[in-house]
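There are structures below to look over.
Both complexes below contain subunit A, partnered by subunit B and then by subunit C.
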Partner chain A sequence: MVLADYFFAPFFRRYFYYFDSYPIVIQIAILLTTIAVLATFSAYAVILYRRYAGNRHEKKLARINPDLDNYITENIILNEQLATGEPVNQIVLPMGIFEKSLYRRRWVQQATIDRIIHYRKNFGGEIGGLLKKLYIDLELDKVSFKRLKSVKWDKKVKALKELTAMDMSIADVNILPLTNSKNRELRSEARHAYIKLSKNEPFKFFDIVTEPLLMWDQLELFKIITTTKDISIPNFARWVTYSSNKSVVAFCLKLIVHYNQQQAIPAIEKLLDSKDHYLRENAINALGKLKAEDTENKLVSIYSNQPLTCQLEILKALGRMGTGNHLEFLRHEFLRSADFDVRKNAAKSIINHKADSASLLKELLDTATAENALILKHCMNPLIKY
Partner chain B sequence: MNEVPAKNILIVEDDDIMLKVVERILKREGYGVEIARDGKEALQKVQDNKYALIITDLMMPYANGFEIISKVNGNAEKRTPVIILSSLGNEDSIMEGFKMGADDFLRKPVMVGELVIRVKRLIDQNK
Partner chain C sequence: MQETFLERVQDFYEKLVFTYGTTLLITYAFLAALSLAAIIHFLRRNKNIDYTSMLDSPIVPGISVVAPAFNEGVTIIANVRSLLTLNYPLFEIVIINDGSTDDTLEKMIREFELVPVDFAYNIKLVSQPVRKFYKSTNEAYAKLLVIDKVNGKSKADAVNAGINACAFDYFLCTDVDCILESTTLLKLIKPVMDEEKHRVIATGATLRMANSCDIDQGVITRVRPPKQWLPRFQEMEYLRAYVLGKMGWSWINCVPNVSGGLGLFDKEIAIKAGGYDHQSFGEDMELMTRMCRYCYTNDIKYAIRYIPITLCWTEGPSTIKIFMRQRTRWSRGLAQLMFAHIKMLFNPRYGRMGMVVFPYNFFFELLAPIVEFFGVVYYITLICMNMINWQFAILLLVFVYAYSVMITTLAILWDQITFRYYKSWREVASLCLMPFFEMFIYHPMIMIFALRGYYYFITGKKHGWGSMTRKGFGGNNAGAAVAAAKP
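Showing the complex of A and B:
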């Protein structure tokens, strides 16, 4: 307020000689109103300028894009040498159009990169290879690599997106440090790029991850890993055993389940002795989903020493394995436990045993209290899933 | 309903580049091609004309690809083969497309040779 008074009060004193005679509240109100009006006009000016700049850029693109589209359609998509089976690296693309000075301007180079990437997202196979050749022949890869060295994180993200879309190799020394960046978006994009571009060891960054993998990061990574073609899938037990990052271990457990890596079961079983409940809970969940029947007895034996979250996972795991060896244990938990979640999960696991538990289920339905009968009926409804 | 030539194909796609390129590829192969840039335009064309084949994207303004497939094969006397051309690659979308009556599913990025062969096969089957 002192600063505002310093800037605006002389103005008001000059044009409104009675400004000083106003009560302080009115003086403050006048100052605030003036600041608000100026801020509104500035915001409008910025919006108008951005719209004008955007519109100018669109017009420039409208001038350049038809030429690029014609070039790509004629020389790449409908390339006759490609149709005759000529290898992509032996096809010589005509470069005449790109010798114009216009194509040396930075914004035109960017427009060309964006256009090539757009085509590459839509067309694969040899056409994709020819688009990559055009990108390299025009030395646009150098533009992207130069941007990767920028100090601004958003430029690095853009460069990573371009290089990933064009399937360009990036040296580990340039990309690995970015997978651990403090900036969430840069970190996520670098991991994405590393998995897509590293053909031999796409998960090497798991070894150096110091920041936790947030749930959102895990979702993104899971999608990338499971949808990237030709990725070499390692045995994730390696990180379950050696990683000191809890979130990496939990994420690897999910990947082990997804890829049904039965060979990882001994490594997961060792996690049952971990002091961390979060890891034990995730390990029990993974063992259940992998139907690791050999671990069933151990799960039941540790049940009474576990916190509630781990107990619930053990009950679910017994239902997923469905061997029938511990139906009596499930029955006991259903009838004796005072906790609603324990009863609900025990009931669901009994029902998951299907034919093996038919007689037990009938007995429970006949003898259950009103509340237990309600739980059983709820769990028997195939539309209710949890 | 107008009976259009036996080799006429309708391409429904909201990406202008993809639309123009696929149109050129199919014209080069000797097919007659009509285009629609959104679901609404496609539904109008499907109502007014009969096509030998429809190639449709899934995510589009006004009406999506599923609605178009359902309209095409909902009450027609003779069904029209449909190829879905989409970047959606999850199992649910693919299954939903086939349940609705699609004949084929091509995921972007598409290989031109594969597209041409699949178009030819479906048109020949339905002659």
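Showing the complex of A and C:
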């Protein structure tokens, strides 16, 4: 208040003759009114400036992007030397438009990087290689590497995105520490980059990861792992057995299922003894999807001691395996359980046995209660998927 | 002696109102700062995410989109088609025909090649009986499930039936006439999948008015602020409520409500909390309160998150009559909620909900129209008795006016920082003009309609379920006003 009085009181005294004589509440109100008016006009100025700057940037991009597109089309996509089978690293790209001083400006360099990455996402093979050569010839890789050394995490993330998109190798010593960064976005991007760029052990960070892999991280990692070409896929059972990070184990189970790693079944089976419900549930789900028939008996034997989520997964797994060995168990659960979801999943699993369960289905339809018959009809209807 | 007593009462009242007003203004300033932090944080974290590349992932959680429809015959086909354009790897659309008396159901059956199916329906939440379930024989509409039920006289009853039929662990509750952005599901599930320490029980995003937007085949192709003044006031109000208010509350995990127009919910918690209350007029806020209460009672560390981007466009009331009906119902719902859960007020057992969210709602949402009303009466009395200091009164009025304009302008700025939805600066300017008139036109209306809602609440006046009279979006539906009958 003293400060406000010191700075503002003389101002107001000039324009409001009676300012000093006003009660303190009125003085504060006058002060805050002034601040509000200034803040409102500042907001207008910022809105206008942001719109102006944004529109100007868009216009500038609209001016240079056609030139970049023309250059890339003529010299990369329709490159004659490439058509004659000349190796990419021996092709000399004309500098053309890039010799103009405009292309030494920072924003133009960034626009060029973005445009090259845009094309690189759509073109692989030799054209992709030539785009990478252009990126290096224009020394844009140095721009990205310089950014990687920035202290700001968002700049590092941007650099990692660029280098990954251009398939530039980054030394393990630079990238591995980032895979455990305290900043989630940086940590996540470093992991993506490591998987894409590491030629030796792309999954090494699984060994050192201490922070949990969040569901969103898993979604992104899954996408990268399953879409990166030439990546050597390890036996994920290694982490299922040894990792102390629950989220890494759960994620590896999803990868095992995706790559149908049958050799991982014994490791997954050991998880059935885990005290963690979440892990057991994921393990049962994986065993079902892998159709691990040898584990069927164990699944049935542990059924009664499991929480509902695990029980439902066991019922689903038996349906996926569809061996017919435990139809009687499924029948029992369908008829005896009081839980709606148990009955529904048991019914689905019986139906999944197809021809093997035809006579049982007929019998159940004939003898079941109205509600159970409805469940069976629901599960048998091909129009209803869930 | 009597004069001294009156003076004391007057002095006490003035001090009370002063404290109330000051606290409210400080809270708004606080929210403005928090929301800016939340928006910047959101933008930095999300600017590099390529959502489209995730749209074919096999490991996302499934989501059921639940949309009730009552007498929506004019717009139902376009609305369902709009929902079918949603882009997400694993989802279903559950449309609940809540006993419509028009041709809503017949139109859907014809258009989407629906046939009745035997559906195993597990009644976890109470609702009016379901007559039939329909699925499409056309593979293109395989995600669609239509439930035909007896009219329950409320959206809550219809949504409860929809939740019972949901196949997935999360459900998105929306109005069938809302237009959703195609990646809405992925953007709303992200906060759920991205949370480290809490269980995210609900997420929401900004809603905007669709009134003057260009719409093609149920997809927004050009965003514009409404041309009519009433919907434009609402657009301004929504921006302030979502971008500035809820984003600020989200930053400190104190979101009071996830809008009924667009909200993604954890189905397990919603069911355990008892689902929507079909007797409530503010069913969305009521459910949210019970979900939070359930989490506190069961020691679940929960979070409710909001994102500042606009994912849903809705048609705002364009006549005062419909607007009055809507706001009366909302305020009645708020009064119902406050009295039903009054034990939560300042109850430390309910953590932030009891100590922050509830007191805020009680004092600055529920009581605000009453305080304002008595303020106006007091003002007029002082004027009549010639007891007013005009110089100070005008200075204080100017202050409140300038402050309210500032807060709304900041909300518009925050929205512009999030994304430049409007193409031209003229459109932004047309919205920036609205705060200048709010105090004289829009705000008094809100106050009066709120008091009307409280009156109905106190007197227990029967108030039908307010299905809004809609004009429909674009194409053949434009201008075809649907006078929805009230059950």
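In the analysis below, the second predicted complex is superposed on the first by the 311 of 386 C-alpha atoms of A that agree within 3 Å, B and C clash if a C-alpha of one lies under 4 Å from a C-alpha of the other, contacts with A are read in each partner's own complex, and residues count from 1 in each chain.
As a working rule, a residue touches a chain if its C-beta (ideal position, glycine included) is under 8 Å from a C-beta of that chain, and two chains touch if they have at least 3 such contacts.
Since we're looking at a predicted model, the values are computed, not measured.
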Between subunit B and subunit C, whom does A:G125 touch in the aligned arrangement: first, second, both, or neither? first
Applying the touch criterion given at the start, work out whether A:I384 contacts subunit B, subunit C, both or neither, answering first, second, both or neither. second
First, second, both or neither for A:K344, with subunit B first and subunit C second: second
On subunit A, which partner's contacts cover more residues, subunit B's or subunit C's? C
Looking at A:L374, would you say it contacts subunit B, subunit C, both, or neither? Reply first, second, both or neither. second
Going by the contact rule set out at the top, does A:K182 touch subunit B (first), subunit C (second), both, or neither? neither
Examine A:G54 and indicate which partner it touches, taking first as subunit B and second as subunit C; both and neither are also allowed. second
Do subunit B and subunit C touch any of the same residues on subunit A, and if so, which? none
Residue ranges of subunit B touching subunit A (in the complex, touch as defined): 15, 17-18, 20-21, 24-25, 28, 87, 89, 108-114
Residue positions on subunit A within touch of subunit C in the complex are 22-23, 25-26, 29-30, 32-33, 36-37, 39-40, 43-44, 46-48, 50-51, 54, 154, 157-158, 161, 184-185, 189, 212, 214-216, 218-220, 222-223, 254, 258, 340-341, 344, 371, 374-375, 377-379, 381, 383-386
Residue set of subunit A touching subunit B in the complex reads 69, 73, 77-78, 118-128, 227
List the residues on subunit C that touch subunit A in their complex, please. 18, 44-45, 47-48, 53-54, 57-62, 92, 115, 117-122, 135-137, 142, 167-168, 190, 192-196, 392, 395-396, 398-399, 402-403, 405-406, 409-410, 412-413, 416-417, 420, 425, 428, 432
